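Residue numbering begins at 1 within each chain, and the chains themselves are lettered A, B and C in the order written.
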Amino acid sequence: MFGLADPCNPVFLVHGLEPEDHHLIVVCPPAPELGGGRVASRERFLVMASDRIDIRHVAKLARLALTEDEVALYGAQLGNLMSHVDALAQLDTAEVPATAQVIPSRNVQRADALRPETMLTREAALANAPQAQLGFFRVPRIIGEEG
Amino acid sequence: MSTIDSARANGGPHAEGVGGAEPGAERLSNWEAVIGIECHVELKTESKMFCGCPNQFGGAPNTNVCPVCLAMPGALPVPNALAIEHVVRAGLAFGAEIPEHSKFDRKNYFYPDMPKNYQISQYDMPLTQGGVVKYWLEDGTRGSCRLTRIHLEEDTGKSTHASADGRLAGATSSLVDFNRAGVPLMECVGEPDLRSADEAVAFLETLARTFRELGVSDVKMEEGSLRCDANVSVRLRGATEYGTKAEIKNMNSFRSVRRAIVSEIARQIAVIESGGRVIQETRGWDEGAGVTRSQRSKEQAHDYRYFPDPDLVPLDIARGDVDRLRTALPTTPYARFERYLDDYGIDVKRATQLVDDARLSAFYDATVSISNNPLGTLAFVLGDLSRLANESGTHVADGKVTPPALAELVALTSSNAINSKAAKQVLETLWAEGGSAKAIVEREGLAQVSDRGAIEKIVDEVLAANAQSVADYKAGKTNVLGFLTGAVMKASKGKANPPLVQELLKEKLG
Amino acid sequence: MDPIRDSAAAIARAVNAHEVSAAEVAETVLAHVERADASLLAFRTLTPELLREQARLVDARLAAGETLPLAGVPVALKDNLCVTGTRTTAGSKILESFVAPYTATAVSKLLAAGALPVGKTNLDEFAMGSSGENSAFEKPRNPYDLDRVPGGSSAGSAAAVGGFETPISLGSDTGGSIREPAAFCNIVGFKPTYGRVSRYGLIAFASSLDQIGPFARTVEDAALTYDAIAGHDPLDATSVDRVAEPTASGLRTDLRGVRVGIVKQFDLASLAPDVRACYEAAYADLERLGATLVEVELPTADYGVATYYLIAPAECSSNLARFDGVRYGLRVDGADVGEMYERTREAGFGPEVKRRILIGTYALSSGYYDAYYLKAQKARTKFAQDFARAFERCDVIASPAASTPAFTFNAKSDPVSMYLMDYYTIPISLAGLPSLSVPCGAVVPEDGTRPMPLGLQLATPLFAERELLGIAHAYERATQHAQKLTPVTESTMSLRAPSGNLA
């Protein structure tokens, strides 16, 4: 259980596990699938050791050109956060659906109608453009399809 | 076919396939092509999917935008109810299952024409699942292809590339226009049940006809409102496992689709037969060169990090609404085609012609429901009536001839009350003035004379007046019959029943 | 009437009664803020043109016989709220020069109610932080001790009101970003039920958690401001289609019959002794006003930080993808578009934003979605269930808003220690409940000499804003803790406008 010894002090006790033992927790990541890795009953296998985040790979996905120093710093900081997050695996959520929305709204839609008052003139649309040309937004060349 | 044979004779198969023709029969008999079609269809709505900008084609760049479709900071999406209904109806038209619950998910990836760098789409709870698309080929063969799903998403903007030939490769910069960003898009995914380019095109044509008829899309490939990709693989006939597939993109017309698939099938067969391996990749169709070209390795799959869009709330689709929409569906083009072929005995070509024009088809159906004479009605509708319509630039359904009037004309003709020449005349009058066929026949005195005795009298007169022709006929010049028939028709002021005239003439001439 | 010291209610009364014009209020406040902000650094951008234009409009409407609920009331706006023609930065270099082409619905409503926009306030970058130190620009200071943080992420909005620059301001709250700075700055900070106030025009951080809410020096002013901005917006699909009953009138003055839930897991024993004593006294005050204290449980409470720091970063990693140098904001060029994206975002985002984008991307990535994001959304349901059970036995939950008073700058260099500042506020955010912080006393921190305020967090079931504000009002009226402290900057403030017209 995630015990809050002292809310001002970042040392946490994961019930039954000393912090230095975190690296002993092994996980088999579910086989990555196209588009999200949705696998059914993996809840039991979900504790990740803190040094397993591939910061470079994640930074690539997020289009961040991190420096080597940043990779090291964030790796450590996020590893620390993940070791707190790991405790979430101990919460029993087997019988519980994921929250879709906290409010009871369903089916919010709008009639198919124009809203001219929300539209922008081209001038307004391009006003903040870092580079515009002939009414277009101009960007450097695109190499293949991004991902 | 001969081109393929000569290519083989010259020592090797054409790696890129021969433009247009399917590979030769002997070669293809070893191989089976497996094709799955995926297409994106822009929906016909007033406004975009998630904002109130007009859903319209063209326009000067970036003049059809708002904070939402430009993905300004702080902007939020609100879904278009009509777009949702369109997708449900599209699914119902193919017998798809409409789940009780659905939602929108974010598909995350970076690309300059995607303003949010995620696309609002549907991942694991699409609006429709399953369904079957029935199609027919030019020779009348019928087939079917299962649908995996149809889901709803938004379109991207458009980028044009500043390079010598406007193509992506070699461009130094790109220009992006977001007018199209946010247009509602339906993604239809078919199972790999198709086995030839012809089947694939027929499948697409059925989709297009149906969507047009439902009013969910204009389906104009040249305007980009229908875009499709084909997943193509080959395997030895009789094999149970699928071969490696390639995804073919950039086909801009049905003709391109056919040519590209043919080309790709031939290419894959050639690769395997020469000892190579087909690579799983995306290939772009090059219309000019008539070949597919590798674009990138599909092995490097995107990690789209799908998750439910927290700016939108879940959708519940009431069974009552589904039933109401299902009941209100028009007869699908395929169902109509089947009726024409099987119940009415119409040939494939003309049945297709009818089905391709929904309004003509509706007019025809309305007329047949009164006349109960499908073939007789068809003769008029595709014949003289269509000719009159084309000549005047008006659609049949917008003309002055009403289904009841035409039905009446059909009845008059088939009962021999008037002959075909008179029928033409009545039709032209109906087209010009409207009104009732019977009334015109009476007014103009066009009723056919079928009274044997009356005609016999005229026949006798004509024979008597044309002794030379009679002699010629008896001497063997049987084509004189035509002249004599014409003479009887003229003498009867065109009202005589032509078959009866011929019969009597033959009798009397011996 | 004193437009610097008086409440919004009093200002509106005077302006509506034509005792003073909106224009006069505007000039007084503008001059005052221009002086006062040198020490507080609450404001990123002052908006004098907009202010004066609005004042003109308000005066014209009053002349035509209208009465406006917030007539002539100066307001500061957190700089993650889009206002047409105004530089809107979200506290980030990536939007340093961005001028918004449209106005957030909540702001439009506020202006329609007669409020006068003084300027945009500094915040933790993209609303990520609990101190204001993550601002890429000025880092606001606590009006009660300039060496301490005002809290975050709505740092400037809290400092502006706590420091008597404006009587009200708008902030936003995702995991505590209104309630915690309110506690630190001796003011009322109110986060409505998720969906009560439109998010259209609020630069998104975590879509399923973000809410706009008011800061004020009294509960009544907070209620007045909330009434002006609440309500369904067809431009926000998550805004609830429910009548927002007015809350500002008829606020209760005692707590007879009210059951106050004290959460077992929020054990005061873990707090410093003087802080603990303050909260014990606060709970005792509630009882004195007629409330019954009831122990309730939130068994999932200790998973709050973990749950929140998966959901919020995941959503923000997607929400911030649009900052790419293509259509607006900073662009750092590259040989190709991919390089441009990477360089732009590397240069434009600060460390905390990068951390959250990284962790969020990770939590959603292939193979990890089930373990992290999905798991957290299930945990979130458990929070909702916990609260539902708790509210069977109580009408309002009371707790500390934060475990300590305002800390000094650079005190929390470890990110996770900063995250823990949200321990009490996060569970309430996860359930979308309406919640506020109201001043409940002060303590002298170990590393300081001046007494620093503490805030009492109150939370009610969904959509029970009226009940919540009433309970807070009764407590405030009886205890008047805020009045017992004087901001540092107060002693240097002049009460007279330069023209000497206002007393």
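For this structure, a couple of remarks:
What we mean here is this: contacts are C-beta pairs under 8 Å (C-beta built on N, C-alpha and C of every residue); 3 or more make two chains touch, one makes a residue touch a chain.
Being a predicted model, the structure only gives us computed values, none of them experimental.
Geometrically, the chain at the heart of the complex, using CA-atom means, is A. Chain pairs A-B and B-C differ in how many C-beta pairs they share in contact, with the greater number at A-B.
Centre to centre, using the average C-alpha position, chain A and chain C are separated by 24 Å. Inter-chain spacing, taken between the CA centroids of chain A and chain B, is 45 Å.
Here the CA centre of chain B is 58 Å from the CA centre of chain C. Residue positions 32, 34-36, 38, 61, 63, 101, 103, 105, 108, 110, 118, 120, 125, 137, 139-142, 146 of chain A are each in touch with at least two other chains. Shown for chain C are the residues that touch two or more other chains, namely 98, 101-102, 208, 234-235, 237-238, 321, 324, 326-328, 337-338, 341, 361, 364-366, 369.
In chain B, the positions touching at least two other chains are 67, 70, 78-79, 110, 112, 174, 176, 178, 303, 305-307, 310, 312-313. Only residues 45-47, 51-54, 60-68, 70, 78-84, 103, 107, 109-112, 123-124, 159-161, 168, 171-178, 295-296, 300-308, 310, 312-316 of chain B touch chain A when the two sit together in their complex.
By the touch rule above, chain C contacts chain A in their complex via residues 97-99, 101-102, 193-195, 208, 234-235, 237-238, 240-241, 270-271, 300, 302-303, 305-307, 309-310, 317, 321, 324-331, 333-343, 345-346, 349, 351, 354-355, 357-359, 361-362, 364-372, 374-382, 384-385, 403-404, 414-417, 419-420, 423, 430-432, 462.
Contact residues on chain A toward chain C in their complex (touch as defined above): 1-10, 29-39, 42-43, 45-46, 48, 53, 55, 58-59, 61-67, 70, 73-74, 77-78, 80-82, 84-85, 87-89, 91, 93, 96-99, 101-103, 105, 108, 110, 118, 120, 124-125, 127-131, 137, 139-143, 146. The residues of chain C lying in touch with chain B in their complex are 80-82, 88, 90, 95, 98, 100-102, 104, 199-204, 206-208, 234-238, 314-315, 318, 321-324, 326-328, 337-338, 341, 361, 364-366, 369, 373. For chain A in complex with chain B, the residues that touch the partner chain are 32, 34-36, 38, 61, 63, 100-101, 103, 105-116, 118-122, 125-126, 133-142, 144-147.
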